[in-house]
Amino acid sequence: MKRLVTDRVLLLVALLVVLVVWMSLLGANGYLVAPYDVDYLLSSLESVVPLCLLGVAELLVIVSGRGGIDLSVGAMVSLVGMAFGFMVGDWHWPVWIAIIGAVLAGAVLGAVNGFLVAWLGVPALIATLATYYAFSSLALVSNDNAPISTQPVQDLHSLTSTVGQVPTQVFTFLLPCVVLAWLLANRTNYGRRLYAIGTNEAAARFAGLPVVKIRFRAYVLSGALSAVVAVITVAQFASARPDAGTVGNGMALPAITIAILGGTAITGGIGRIGGVVIASLFVVWLNAGILLAFEDSRGSQYQLLALGAVLVASALLNRATLTRRE
Amino acid sequence: SKKDQPATGDQARVKVAFVPKLQGIPYFEAMNTGGQKAAKDLGIDWIYKGGTTADPGAQTEILKSLIQQKVDVLVVAPNDPDSVVPILADAASKGIKVLTSDTDAPNSVREMFVNQATADGIGKSVIDSLMTAMNQRGKFAIVSCGQTAANLNSWIDVQKRHAAEKYPDATLVDTVYAGEDEAKAVSMAKDLMNAHPGLTGLIGQCTASAPGVAKAVREAGKIGKVFTVGVGTPNSMKPYLQDGSSSAAVLWDVEQLGYLTAWAGLKVKKGEQPQATSNVSAKLPAVKYEDKTLLLGDPLKLTKDNVGDYDY
Amino acid sequence: MSKTEGQEVVLIAVLAVLWLALGFGTDTFFAASNLQNILATVAPVTIIGIGMTAVIVTGGIDVSVGSALAVVLVLVAKLVRDSGLTLVPAVVAGLVAGGVLGALNGVLVAYGRVHAIIITFGTLNIFRFVALQIFEGKEVAGVPGTLELLGGGADGRSFGIPHSWLLAVLLAAGMWFYMRHAPTGRHLYAIGGNAPAARLAGIRVNRRLVGVYAVTGVLVGLAACCVIGGGGLVAQSAGTGLELQVIAAVVIGGTSILGGRGSVLGTVLGALLVGTVTSAVTLLGWRSELTALFIGVFILLAVGADLVRERRRRRE
Amino acid sequence: MTTTTDALLSLTGIRKHYGGVYALRGVDFEVRTGEVHGLVGANGAGKSTLIKIISGAEKPDDGTAHLNGTQLAEGDTVAALKAGIATVYQDPQLFGELTVAENVFVGRELRKHGRVDWPQQRRRAGQLLESLGLPPKLAARRIADLSVAEQQLVSVAKALAHEARVLILDEPSAILTDREIDTLFHAIRSLKERGVGVVYVSHRLDELAQITDRVTVLRDGNVVASHAAKDLTVRRIAELMVGHALDDDTAERAAPTGEPALVVADLRRRNRFTGVSFEVRPGEIVSLFGLVGSGTGSIARAVHGVEPADSGQVRKGQTAMLPGDRARQGVFATKSVGFNISIASLKGLWLKRKRERTTAEEFIRRMRIKTQGPSALVATLSGGNQQKVVLARQLVERPEVLILEEPTQGVDVGAKEEIHSLVGDIVGRGTAVLLVSSDLPEVMRLADRILVVRGGRITARFGKGAAQADVLAAAAGDE
């Protein structure tokens, strides 16, 4: 019981179970406008994919410490998405080459952030705020504000069809990326060092770790993951939009929210991939449930309340348990 | 509270769901009002469900929840015409009838598009109104909203072409994008007036920038020197039409658009094809149908004389 | 007492160069109407930036200001339009509403002892929800010109200068004096430098934190009144993305995002720089989409200048 | 416990636990007016915890504290400060971006018309610094630009800035040189004359006879003895602390041979050090010794490569460095003991978790680290044990050159013995050791050669068996 409140992943799993059981009961008893069933949950996974991948990207940079954060992920999704759109839609590159090209482009954009943050020492919040502005502007300029949705781009939608009820991209993109990220964080020396520099940078430097390179790579990875999301988003919507990752509130704020909700410590050095995965499942399924709870437009409003309340409550709960342990 | 379950005897009531680009702007709320009126007249269920931001992703999630709800007819005003293509195909494959309204998604499986007015009609009407005010000559600029909004961009194309063809003495000097943000539209309109001292015309391309450009003219004290025309809703344009900072607003009867949308939904569900000209209601006596497109009619020109007739 | 006032000098120089270049490059930059427009446009960001500077100096951040602005906007707009509130009560209502939201942030940050970015990410969503509830699904159109004195029109100016910007400068001067010379103002720097040590030194850390967030809220309220100004339309999307603009102004002004260092005067100049760049893009007839690119570049230049100065200090 | 009439501060039955760790198990403690009360104990004995309870930084689980007969509020630093309890914590609690003067008065600023009275503060701070042997002009400098030792003295000045009735000093001397310690003692004596009660925590047991009137020894959260200082010898105190008798023989090592493992030639960094040249052979311990600010730490860090040098050459084999500031540069506090030990010696792509565990277990055994095991969090260990963990990290790789900066700072005598003998082992196996320490007996005991640094230059070189007084005189300069 005590671990339930101190261990963020366990807590989230418990919350997730409560949510699903409760919503299913509501649905079965006619309190929702439609059943909250397996099919619905599986089809919602489509929204989990980008959220979870960007959440993992945020985890990597937040864990790297020194106020690590990446506000530019949404802008990178827009810009890489446009690049991908050009490669597939205008230049008619084969899809696989274009995907590799997109990921490389994302890595390059991430490297710009990494250079600013790790090499020059610009605080991450500021560096990525600047690149957020710059990348989103470039995305708009790249094709005169217009989306790219020529036939080859529309054909990309087959990348995101379904296997059974599950969106294909869960298997082709999400799981491989999450497994790789998990291995990276927990089973490689790079992961160890990443957590080390985030926990205590000075100690890491004395221990002879190449702090700059390690942090730089975290931002490159964040760019590459954003590129994967860009590819998925272009395919899912059959269109490369210059504001794909920045429209509305953009993709960065939800991704950071997911990372934090998943238990990533904003001070660096602490955070688990599993937490991010469960947190994104929780938020998406919660939102999907809320939409079914209202027949009219209020659902989207209550989603905001729920997300805010869950974030504040979980942070305070974490704090309370930490204080008690001290 | 327990939601109303369709009673077994009520099977026949058709559920028409409309998904606007976003909730909470008067334009779509007025469509909702019209849709509700039609629902009462026609004996159908009308669902209005929109996101809090004009974001294709949020729209997709709402569409998904409506598919899960197994509505009979799904009408959408897409934020991005191409982005809704896949989800609409998904809906159709589950036996749901799919339509678009307000903004079309021509590449989708939609069976019908309920068009308020053609891009041609709106674009030309805006230019003609502005040119009347500007005496057919001078410099003008456009304050548009979302950079990627497909319908706004198509109107801009028509406006450019039409102005070039019909008003050789008028020149379009700049097109700027203020987002869906009135304050930003005000500031950018002022920037345009400063940048081009000879500017005499401004177009507010959407319901946020139409009052914005008028307010800018009013605050700059240039009423009578700079003329504005915009695509704005009656209540928001009323004060500006009255003091002359706006010469005219081009719109259409949005409530009737909502009404027509609901009517079209029912038609499609029943599998009926509208006639070339249909009598929908007293207010919509002759709606034209051609090429899978139902046309509400000509654009409505709001001036200080008729703006009081509408309340949204 | 630390000498951080280097950024102001750099900013003044950059602004002077920009203004001169624009003055020569365009016929209209120095037109009164243009300068008035720039000042009126940057006033709300400047006003909120004053509070944000203090918040960031304490080592915190407030990303909820955009949503809080939306709450105050819709509240005041409705009060003015539907209840016929006059200028003073309307402004008071705005300040109180903003203050309550800010104080809520402050209490959660101070007593929850959770990093401010997490708390305010949460309240960003919650406040937006509250705003939407007050909107009741409709934007507020036809707001009368009750707050004209704070707006961008002719009534909103004295000696040709917009009141809202004058107010911003006055408030900034007051905040500068407070943070520079008042003991409790100095404590903000101490808290940002080392909060546990500040507690041990007997500084009322929680009180100061609640204070700075509440003041930021009050300033958000005031900014909302300026935005409503001559009336018109308040849309549901109001304030979206404002937090990033404010943070950009503060950061360009030389305040360290890490806390413990910064000045309000820099923020005033930073906001002015952003306003100048935005206006310049239109004046020069460049594509408006490029504005964001330039803002990004200026953020980097500003931080780069700060880094170079700090390195030089270290080497001395 | 009976409260004697002249007790200024008295604590009764203080208990405190952190999770499963009992830091204090019912401690009685009192300080009389005008008394300097030494508080000693091994690492983790509970000294700092007791002090935090007096100062209000921690709340006791049980027990009461009285000052002059009035009960003190629990866990309230403001109330304690108001009551006249001034505390210098083990780690300086300062504000890097503020000036020295502001730091001295922070929280209790000198005011004029509600504003901070800058000139007055600067002047008063200058006087206080002078009384501690620092130049008054330092008052206008930013804390971040000061050395650790200077910062430590600023914390003392901060405590002296207000009329204190009780002054608590938690290991103020750990990073100070003897000269600075003398100045500090001078300041303490004058407070004592004014009737202030002083609590003085130190691991340098030889200081106790000089400055304290009474000594209380803590062991595992209990008071094991409390006697007049004159009745105790250093040896007796040490025995009380560790709970068994000590033997103090130093092992003789074979003379170093072979090519130098570390060669430093004409190393220079502006304003820090210049013309630094020396070599260290395998199996040799060379010590850099100097007073505060002399540049020894900067030289060591530049040799290791974590701080820059402007010119000069360093030729070295594989090098590891034990940093001087354990909390800031040593431990990864939220990570496990195993993580901390292995982090510098990861090889290849994949993490070898089994090897990490066995290595950690081996070092825990070899270095007698008191912990539940490799997966325990380092933050739960006492300071001395954390120091051993950080030292273990440097030894995993068997470096050719080992740089030790203040290896036994803040470490109790038992652990100090163990660390010294570990260093002996390491050198015995052919590692070259560069030792930077402000603890002269430690330097005398361990070093084969001593290089005295003054003003950033090596001013004297001594071999083994040099007289302690000569070394000190060289470091202090002839006056």
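A, B, C and D are the chain letters, set down in written order, and residue numbers restart from 1 in every chain.
Following the convention adopted for this analysis, a contact is a pair of C-beta atoms (placed from the backbone, for glycine too) under 8 Å apart; a residue touches a chain by one contact, two chains touch by 3 or more.
Chains and their UniProt names: A = Serine protease; C = Sugar ABC transporter; D = ABC transporter ATP-binding protein.
Note that this is a predicted model, so its numbers are computed, not measured.
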item	value
Mutual neighbours - chains that touch subunit B and subunit D alike	A, C
Mean-CA-position distance for subunit C (Sugar ABC transporter) and subunit A (Serine protease) (Å)	29
Whole-Å separation of chain centres (CA-atom averages), subunit B against subunit C (Sugar ABC transporter)	34
Subunit A (Serine protease) and subunit B, separation of their C-alpha mean positions in angstrom	34
Approximate Å spacing (C-alpha centroids) for the pair subunit C (Sugar ABC transporter), subunit D	45
Multi-partner residues of subunit B (at least 2 other chains)	23-24, 52-53, 147, 177
Where subunit C (Sugar ABC transporter) touches two or more other chains, by residue	128, 132, 137, 240, 289
For subunit D, residues that touch 2 or more chains besides their own	none
Touch-based graph of the chains, sorted into line, ring, star, complete or other	other
Complete list of chain pairs which touch one another	A-B, A-C, A-D, B-C, C-D
Parts of subunit C (Sugar ABC transporter) lying in touch with subunit B, wherever the complex brings them together	26-28, 31, 33-34, 37, 40-41, 128, 132, 135, 137-139, 141-142, 151-154, 227, 230-238, 240, 278-279, 282-285, 288-289
Touch list for subunit A (Serine protease) against partner subunit C (Sugar ABC transporter), complex	67, 69, 71, 116, 120-123, 125-127, 129-134, 136-138, 140-141, 145, 248-249, 253, 256-257, 260, 266-267, 297, 301-302, 304-305, 307-309, 311-312, 315-316, 318-319, 323
In the complex with subunit A (Serine protease), residue positions of subunit D that touch it	18-19, 304, 306, 320-321, 323, 325, 328-335, 339, 342-344, 346-351, 393
Residue numbers on subunit A (Serine protease) that touch subunit B, as the complex places them	29-35, 39-40, 43-44, 46-47, 140, 145-147, 149, 154, 157, 160, 236-239, 241-243, 247-249, 287-288, 291-292, 294-297, 299-301, 303-304
Residue ranges of subunit A (Serine protease) touching subunit D (in the complex, touch as defined)	186-193, 195-196, 199-200, 202-209, 269-270, 325-326
